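In structure tokens below, several structures.
One chain, chain A, links the two complexes that follow: it is found with chain B in the first and with chain C in the second.
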Partner chain A sequence: MTKASRITGFITIGLVPALVLYLLFVIVPIFWSAYYGFFDWKGIGAAKFIGLANYAEVIKDPIFWKAFKNNMLVVVASVFGQVPIAMILALLLMRSTLFQRMIRASVFMPMVLSSVVVGIIWGYIYHPQIGILNFMLDGIGLDSWKKAWLSDPKISMYALMVPIIWNYIGPYMIMFIAALQNISPEVEDASKLDGVGPVRKLFAITLPMIWDTVKVAIVLCISGSLKAFDLIYVMTGGGPAHSTELLASYMYNSTFNVYRFGFGSAISTAIIILSLILITGSQYLMKRDYR
Partner chain B sequence: MKKSFVVTMAAALSLSLLAGCGAGGADNASGGAAPKADAGKSGEKVKLSIWHNYTGEDLRAKTMRSLIDQYKKDHPNVELDVQGIPPDGYRPRLKTVAAANEMPDLFVMWPGVMTKEFVSGDLLQPINELLDSKQDWKNNFMPGSFDDFTIDGKTYSAPMALSPTSILFYNKEIFNKYNVQPPKTWDDMMKLVDTFKKNNVTPIALGNKAAWVAQSSILSSLADRVTGTEWFLKAVDQNGAKFTDPEFVQSLTYLQQLGKAGAFQDGFNSIDNTQMEQMFAQGKAAMMIDGGWALTNLAANASKEALANMAVTVLPSMPNGKGDPNTLAGVVGTGLGMSKKVAGAQKQAAYDLIYALSGPEAQKAILDGNNLVSYKAELDTTKASPIFAEVYKMMGNVKRTPVYDGKLSSSAADVVNNGLQELLMGGKPEDIAKKIQDAAAKAVGK
Partner chain C sequence: MNQVVLPQAGLSSAGSNKSKKIWLKGIKNVFLTIYALVTLYPLIWLFISAFKSNEEFYSRPFLLPTVWKWDNIVRAWKVSGMGLSLWNSTVVTVLSLVLTLVIGALAAYILSRFSFRLKPFFMGLFLLGMLIPVHSTLVPLFILMKKIGILNTYAALILPYTAFELPLAIFVLAAYLVTIPKEIEEAALIDGTGYWGIFFRMMMPLSMPALSTIAILGFLRFWNDFAFALVFISKPALKTVPLSLSAFATGYMTDYELTMAALAIAVLPTIIVFLLFQEQIMKGMTAGAVKG
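What follows is the complex of A and B.
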């Protein structure tokens, strides 16, 4: 054997355990769940084969599309909220003075908290009677702005965006800081010699140099938002009257509260298909290189 | 190269095998022991598993745990595998093992829909034998106690609790301050709401985030007064009555009327029932419509003075209502179910455990722990809080009517829950009734 083929062989063996586990616990269940989607099954007793009826119901279900719309709102808020804010913070906190490290740690902190804790904290901030937000609005004379933040269906979805954005800025900021610190000092020096101003430098040098990281961040952001569940589940449970329902929470409620396992499986299969379309779409859009 | 692949495969395989075996252990234990062998006396070891949701620090959980410990002491030859699962996660876990047909030998289960589903999945065995062998015990249950555990003449459990779901709690101090009486009719209720609103007191505390509160506590009784019980049972079976019938739409309209009059505090759809109970206990609302479960929470969290200020009654009567106004919606509480797989010596040990947790002494112990039971037992008034004694007395004087989510299938009940949230946010009663009707019809396959 040549050296190259030995290395390839070694890599193959090295991949096998992870691949087997991944296939067994991720890929196989996806198909399994798609298969359950063909049945009318309460979770107990006999499952009745009903063909595509569950899938047809999902497509016609207004709550499903409402959940999809809410999910898209979360995606948009995350991509245009988390990424730019994380970028600005990264540019400001790039250097490592004590003060900057402290701020960095505090921005990262919500990531360390369990999302249930974050959900409960924000639930109290938004609390209609004893919430700190309404209390503050009262204090500065804006009591006409006081709202039942989480139970008014017109604003509850937007009220939920704030903790979602706040919670996940940390990791993107760290990624951006790492990427920024990787830009070689020679480039910076050269740009200084050429007399590039700060704004021009940002758009002509810094952003293109870290564009790959930004792309990764956006993909992570989209896939993360499609999975969004925990915070909203804790804060509103998808209510009132499905107004803050997300795809994942709707799937969970249909499966484990209403015990329609077949319908729930059909929803999860639909989520997978929609996610794949979105991720591929975003990849394709970002192929246009910034450089 | 090949070798390591084999090793990995072997590891992966054994892992999956292990996972498959884990839950099977319990049913190997039944062995060949003769049926009817008295487990308490014979020397051989009997294995038995039980799942319960008594993990909290409330009185009920403590009482039940001590009863289980007592059973262990009395039956040294029974190797009892006890699994306590926190209440919030209990139902889904039980349903999941039910789906996999890996039930524990005994488990806490709910009457009505859950029992029906388990029986249709052929997972349970009846306990009539045990009930018939102890006639005194059986006859001391309140009338109708076994109804929701009985299917086709076979009884699958004995209730260990009673849960009235729509008690009207009111704060005597606030009522005295504004010189008003608890409502007897719907007009009284609307006038009360008006009076309290004018004086900046929240008339009724409501915490409907989990969405079942308005359904279970308010609608169950309110609609029963308007439509009558018979209509509701017919509508559930979709047999001669529909949820789009004018009487049901009228019930929804009454509930909405209450909401529109500002009876509930702002943002009631975003706080849960515990916060609602706190609100009432702190005297921030004049009334609260809540179930018997509130009693333990209140006893544990409210101050003595606050408790002394509380009083209870039933919901007011409705104009031209077909239902009896002297009723309370309620269900019998959980009981122990027995898996189909239990046999032989295990069965006797399981019967003993059921009797230990729901027999006369257990019922008395549960009652003394400020929990209502569906069993005729003397309440020790020195141990119970006054509000509990009052509820207990009231339960003896009123009839029990069905609760919506106790009768409707889970999917139809979910539509009612979400529909009521929508209703209270201003949705049209007719539209919501239509949605409920569709879900109910689908659930019974019509």
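What follows is the complex of A and C.
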């Protein structure tokens, strides 16, 4: 056997397991869901070809767009909730003393918990009769603020924002700390010599210097919002009356609760298309903005 | 006189500046401590409630239990079948990790060390996987697994876990392998070691730091996964921890002491792993999020 053919053989045998698994379980499903979107199928029995009917239904479906709007609400909450809180914490936690590292670990902690656990805990916090949030409002004399947090369709989506923000601050904070620590100490010295006050320093020097990281964080908020399924599923299941439905939970409910596999596949395809548009679009905008 | 007073004035103003700094630092630390406690409060509350009676769960929600009911944990363990779920989660997580590490490292070694025509295409293909929202593949994967008959088996979780972890594993490992000097490999080739020998006996041990990062992140991802388990597993005997917890909490919603105790058992493994590998987890998950 020649050396070249030995190398080719090694490359082939080495890549095949990764490629087969990856293609079969990650790439092929995308095309499958696009294909099954053309069928009316209950999960058992024969699938009936119905052309573009499922896709047309998705586009006209008010609940689908309601779910999309809720996904966008999660993005907004992440950009204006997670990012500023993470930034303030990062500015206060730049030194790596034992105390600071302990605080960082506490802020990060929710990230390693199963979202089922997080969902159940927050379900109890929001519980109308035995929830500690309503008990707390009682305790400080604000009983008029007491609500059925998760079962009132007007506020349930906003109530869900709190655990979502709480859960994901950690990685943003770590990103910002790394970026802040990368600012060279000469900048610090120069601003001290020029007598720049702390507030002006923050807005005129520090923030512009780590602006690229902030942009990355905003792109992450967008792609992260598409991943919020578990929490919603455990806490509200998308209800009441679809008020907390996200794209992923609507896809799940349409497929596995009412057994419309074709319609669910069409929603899956729509999710892929929407998320690719959102992610590439946001990256393009960010790049253009940056000279 | 003046000459004596002036430096003193300077000194005292520096002193007040210093005390102002100490005050600011104190306020900052108090704020941070309160913030951390508020963040951890749901978890603290969980661990306290796990030892309360049902009645105390709502009559004394913020206080410590009057009597610590340690047998809540024992009862929750028995009633929820937590032993079986922990076993299932362990099997699925360990097998997925082994598969991810071996297959991922092999692909990363080839993609970082050899040049061939299709290499840029394969790199692009694996990068694409990071843009695909996991949940959008649930329906087609369910159909696929039904067709090949692996629904309700360990494979229904192990294979997709590995497949979705591969892009991250390959990119982290490839970035690490590039830093290992080529001369080591050339010397081994001259000594007559084959590529498989180089991979298993040199590259795998040398890339231990990258492998351990992937292993820790993979552990958290596989152990905590809910969506795949929810869709692909319905047999009670195969339920993983998050899946059986969600079923348990729905069934025993009003038995607070049991639910809380079951939750406490379930979160303990990940909390221990986090406390052991904090720095690695925080850096790794952040890097994983940025790449993913």
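Basically, the second predicted complex is superposed on the first by the 260 of 291 C-alpha atoms of A that agree within 3 Å, B and C clash if a C-alpha of one lies under 4 Å from a C-alpha of the other, contacts with A are read in each partner's own complex, and residues count from 1 in each chain.
Operating definition for what follows: a contact is a pair of C-beta atoms (placed from the backbone, for glycine too) under 8 Å apart; a residue touches a chain by one contact, two chains touch by 3 or more.
Predicted model, so just to flag it, every value in this text is computed and none were measured.
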(message) Under the superposition described at the top, does placing chain B and chain C together on chain A give a clash or a fit?
(response) clash
(request) Considering only touches as defined above, state whether A:128 meets chain B (first), chain C (second), both or neither. (result) first
(request) Using the touch definition from the top, say if A:236 reaches chain B (first), chain C (second), both or neither. (result) first
(request) Using the touch definition from the top, say if A:21 reaches chain B (first), chain C (second), both or neither. (result) both
(message) By residue count, which of the two partners contacts chain A more extensively, chain B or chain C?
(response) C
(message) By the touch definition at the top of the document, which applies to A:260: first (chain B), second (chain C), both, or neither?
(response) first
(request) Identify the partner contact of A:42: answer first if only chain B is touched, second if only chain C is, both if each is, neither if none is. (result) first
(message) Going by the contact rule set out at the top, does A:279 touch chain B (first), chain C (second), both, or neither?
(response) second
(message) Contacts for A:181 in the overlay, against chain B (first) and chain C (second): which applies, first, second, both or neither?
(response) neither
(request) Could you say whether A:153 touches chain B, chain C, both of them, or neither, answering first, second, both or neither? (result) first
(message) Using the superposition on chain A as set up above, list the residues of chain A that contact both chain B and chain C.
(response) 17, 21, 24, 123, 129, 256, 261
(message) Can you tell me which positions in chain B touch chain A when the two form their complex?
(response) 1, 4-5, 8-9, 11-12, 16, 92, 95-96, 98-99, 117-118, 120-123, 208-211, 265-271, 279, 284, 410-411, 414, 418-419, 421-422, 424-425, 427
(request) Enumerate the contact residues on chain C facing chain A in the complex. (result) 28-29, 31-33, 35-37, 39-40, 42-43, 45-46, 57-58, 61-62, 103-104, 106-107, 109-111, 114, 116, 122, 125-126, 128-129, 131-144, 159-160, 162-164, 166-167, 170, 194-196, 199, 220, 223-224, 226-227, 230-231, 241-243, 245-246, 249, 256, 259, 263, 266-267, 270-271, 273-275, 278, 281-283, 285-286, 289-290, 292
(request) Within their complex, state which residues of chain A touch chain C. (result) 6-8, 10-11, 14-15, 17-19, 21-22, 24-30, 32-33, 36, 89, 92-93, 99-125, 129-130, 132, 135-136, 166, 170-171, 174-175, 178, 216, 220, 223-224, 226-227, 229-230, 233-234, 248, 251-252, 255-256, 261, 264-265, 268-269, 271-272, 275-276, 279
(message) If we count contacts the way the header does, which residues on chain A are in touch with chain B in the complex?
(response) 9, 13, 16-17, 20-21, 24, 42-45, 123, 126-129, 148-153, 156, 236-237, 239-242, 253, 256-261
